[in-house]
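Quick notes on the structure that follows.
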């Protein structure tokens, strides 16, 4: 638990207010705040207490944390040492085993009711939670306990936000997103596989400054997830002109044309990749010549192949078999209906004596 | 996850069911028609009658004879604006071409989005005009039934939903895209069961008359 | 649907008062009609009934709609009960329609109501067939509906009387074999031309329309002169002369068969290689195109309309004609031209005559019907409507400015005569055959 | 282009071979200049400063060149040596400042145009002054 404000922590670290302002500028830029909002954020951050943060991991791959530690602006150094008080993260800390568990209990109790709980990974309630346990506790029980002492929960990554890879069909562990378990605390989803580092830090800073941000229908901060990749893609004009790369090594690919045909999911993927970019603003997947996988959206792995265009079937079926079967069934029904109808024609003929069999149909159009 | 679910449905089970129903229905209807009895025409054909000549009417009836143009050409043109715009939007738009390629393996170059939007707009306006005509013309009012209006709706819906998806109107793009695909799938699934089946039957119907008349040596 | 909401033509008190034959109950009539409909729901009718997109263009080709603007005359609407019955009882989707009750059963009242549309206001001219974007042959559908109407006893009395007379007397106009013999003798005498009758063997069997026997007997003489000119081996047969087929027009399959078989049997009896049909539109339809189907196998002889025979002889150099320099317009009988395919032949004959042929604006396959075909000319109550549509034809003829109107159908001819009298028109229809007979050159 | 992380780690990014929007070059730069002029006008009359985040715009190289050319260099250039360094320059137009912050690795972190009399970050902070005063006095003692 820290009682000093963020600006005090800067000064204590030997940095002037200019460093703080610079940090705020970077944060405001990432959050795409207006000048007025940026000023307000600077004022609030200057007075805000450094929040305590507990970082827990369940069914995940640590990619999210890997991403987070590559945050350039605001730098992870600032984040960890000046902006927040990271009281527990079993991956980053030195302690292990029972010592780590004890440290965590201590940290949680100290800041009970006030800490921000950051979670990556999904949890597994299936079969009593046996598929994901730590120190004899199931992920669900652990999360429920940790969440009960939190002021808010930030679900980092697509696993925590939407179930992620563990949730993929056939979902053997019965994985569920954090929001399925935590119902009585605000849950901010920061999706992505992984999320952009600056988006994670930016979301935390926004919460520290302003509280829970405006969320989209998937519980994600609108600041980062308000636009689709397609909306902000520098290749968008090619899409509008119908200029597409057909393969990864054709002329269109070299000329930087749209990757829709190669399965880009940009049009339905909400994320900040096209504006914030990755690795300190270096580039993003489309800029490197590969279509968007849609990793920040629910079920992105279950939507057919990554290289299947958005307008085509997800392809979980055998077209030839199903359509062939439909054709055979259609033919059978057609023959049956016509057969019944023809039988009625003949039957009526028989019991009408005034129409003799010799009385044929003359009109060939009959 | 509402939007995602709709789009996933439209790209997955929705598409599968629509195509299966399309094939099933078309075969059902065609087989049901052509397994009915068909007496052979025993009359001696006029000298010089040919099946190729008979088939020509399948193409030639695409445009009205000059004797009828004065009375039918204006609405025929509106109808072609609808059909032509529809064809450009379906066959010229790259995402549609990709769908066709995914289904039957053939593809061709697409047209710019603006051209597609223009064609779809023309098509939609023409379709609205045709509906107005159907509602206002005493002849059409008399002969129209549920199929005419329902098929109109089914044919119309993909146009505004497609345009709205293209221009990112109507809120959530993903939902709109899914909805657009769903309207297309409804069109495919309904095609065999209503008048839209004329997309296939027109050739058989023209061909039937073409054969009968070409045997007689009568021009069509 | 009732007809009361549509315009009733002035001077037409009969519209909406259907004629009924016999005393059968409505249920029995409906049953008979449905039985007949079912028989006619073959693949060809099915594909037509399935394909209609309700575009309404057929109305624009129909003389009744064009002249009245009444939507009930839309051709495809005239067969609505047939279409409805098909969709409910026979089509591939019929189980769905029945299961969900989407198509109602056709009622006896509806059939009666449709009598006027099926008989009074359709000559089965087939003009709608040429405009239909789906190529639906609506005229043939009307023919199928007439089968059902006849079976149900729902034919206009005037037409039914004519049909029955044809069946019992062998001629719709009382031209019995006895009358035929008298007329042939009269013409042979008056025109000093030999008219062979009932020869045992002949290359050509010549047939005739009762209308010609009773109203235009000079055409018999004209024919005999032409046959003499080309030195043909030919004969009339008193056991097979009547070319008209009112059974076919009215929808009576039995009557149609009886009339057709008489001609076929007579032709076979005399060993004819060719049967010549007279100037009669529907005769061509009945024997040339439906004859073999009635007979059940290909006919062992050729069937020609007289105009085709004349053209053939001209082409063979056997028919020599004097030149007639008058201006002429030609009226194509629907069943010979549009629905028969014999469009070139009469024009070849006119060309050989050297006349100044002035085609009407809509000609050949696109001609307008005289309004008297399909048995309509016999239906008295339909006269006001017939006069109304006849005005199209008058206008078309007048617009050519031709001195002479020529045709190859005695039924058209009597319709023109009637219209001429009604409107005090200055034009009369002439027979192509008679024009040829009048211009036979001396053989060199 | 953003992307030179350091000498041996060149970033390859695929840029459009031509501007597909078909817009004539300089359209974005001209729009920016007009926005800047508007902001200066507002400041003169109402003393309301404005910040335009250039980094978020994703300017193309030609657009950036046109903008640089138009703004030029003014009389003041300030170097701030804190947390990776920053550069603040007044353009040839008084009150129009270019502010660039660099991260620890020297990469450009934020870039904006600020319309004000003196950019906030140049001013000395009272709390910092108090801390400085304290150490100044201690250095005497």
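Letters are used for the chains, namely A, B, C and D, taken in the order the chains are written, and counting of residues starts over at 1 for each.
In the analysis below, contacts are C-beta pairs under 8 Å (C-beta built on N, C-alpha and C of every residue); 3 or more make two chains touch, one makes a residue touch a chain.
For clarity, every value in this text was computed on a predicted model and none was experimentally measured.
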Out of A-D and A-B, which chain pair has the most contact pairs? A-B
Per Cα centroids, the chain farthest from chain A: C
Which chain has its Cα centroid closest to the overall Cα centroid? B
Distance between the centres, which are taken as Cα means, of chain D and chain A, whole angstrom: 33
Per the C-alpha means, the centres of chain A and chain B lie apart by a whole-Å value of 39
Chain centres from averaged Cα atoms put chain C and chain D apart, in whole Å, by 93
How far is the middle of chain A from the middle of chain C, if each middle is the mean of its Cα atoms, in Å? 76
Each of the following residues of chain A touches two or more other chains, namely 241, 333-334, 337-338, 341, 345, 360-361, 364-366
What positions in chain B touch 2 or more of the other chains? 28-33, 35-37, 39, 41, 43, 212
If we use the touch criterion from the header, which chain pairs count as touching? A-B, A-C, A-D, B-C
In the complex, chain C residues that touch chain B: 1, 41-44, 46-48, 50-57, 59-61, 65-66, 69, 71-72, 74, 76-77, 80, 90-93, 96, 102, 129-137, 140, 288-293, 295-299, 302, 337-343, 361-362, 364-366
In the complex, chain B residues that touch chain A: 1-4, 7-8, 11-12, 15-16, 19-33, 35-37, 39-41, 43, 93-96, 98-99, 101-103, 109-116, 168, 172-174, 177, 181, 212
Which of the residues in chain C come into contact with chain A in the complex? 35, 38-42, 44-45, 48, 89-90, 92-95, 137, 140-141, 143-144, 248, 253-254, 256-257, 260, 290, 293-294, 296
Contacting residues of chain A [partner chain B, same complex]: 162, 217-218, 228, 231, 239-242, 244, 260-261, 267-268, 297-299, 302-304, 308-317, 319, 322-323, 325-327, 329-331, 333-335, 337-339, 341-342, 345, 360-361, 364-366
Can you check the complex and tell me which residues of chain D touch chain A? 2-3, 5, 11-17, 19-22, 49-51, 53, 55-56, 58, 80, 82-83, 86, 99, 101, 103-105, 107-110, 112, 120-121, 125, 127-128, 131
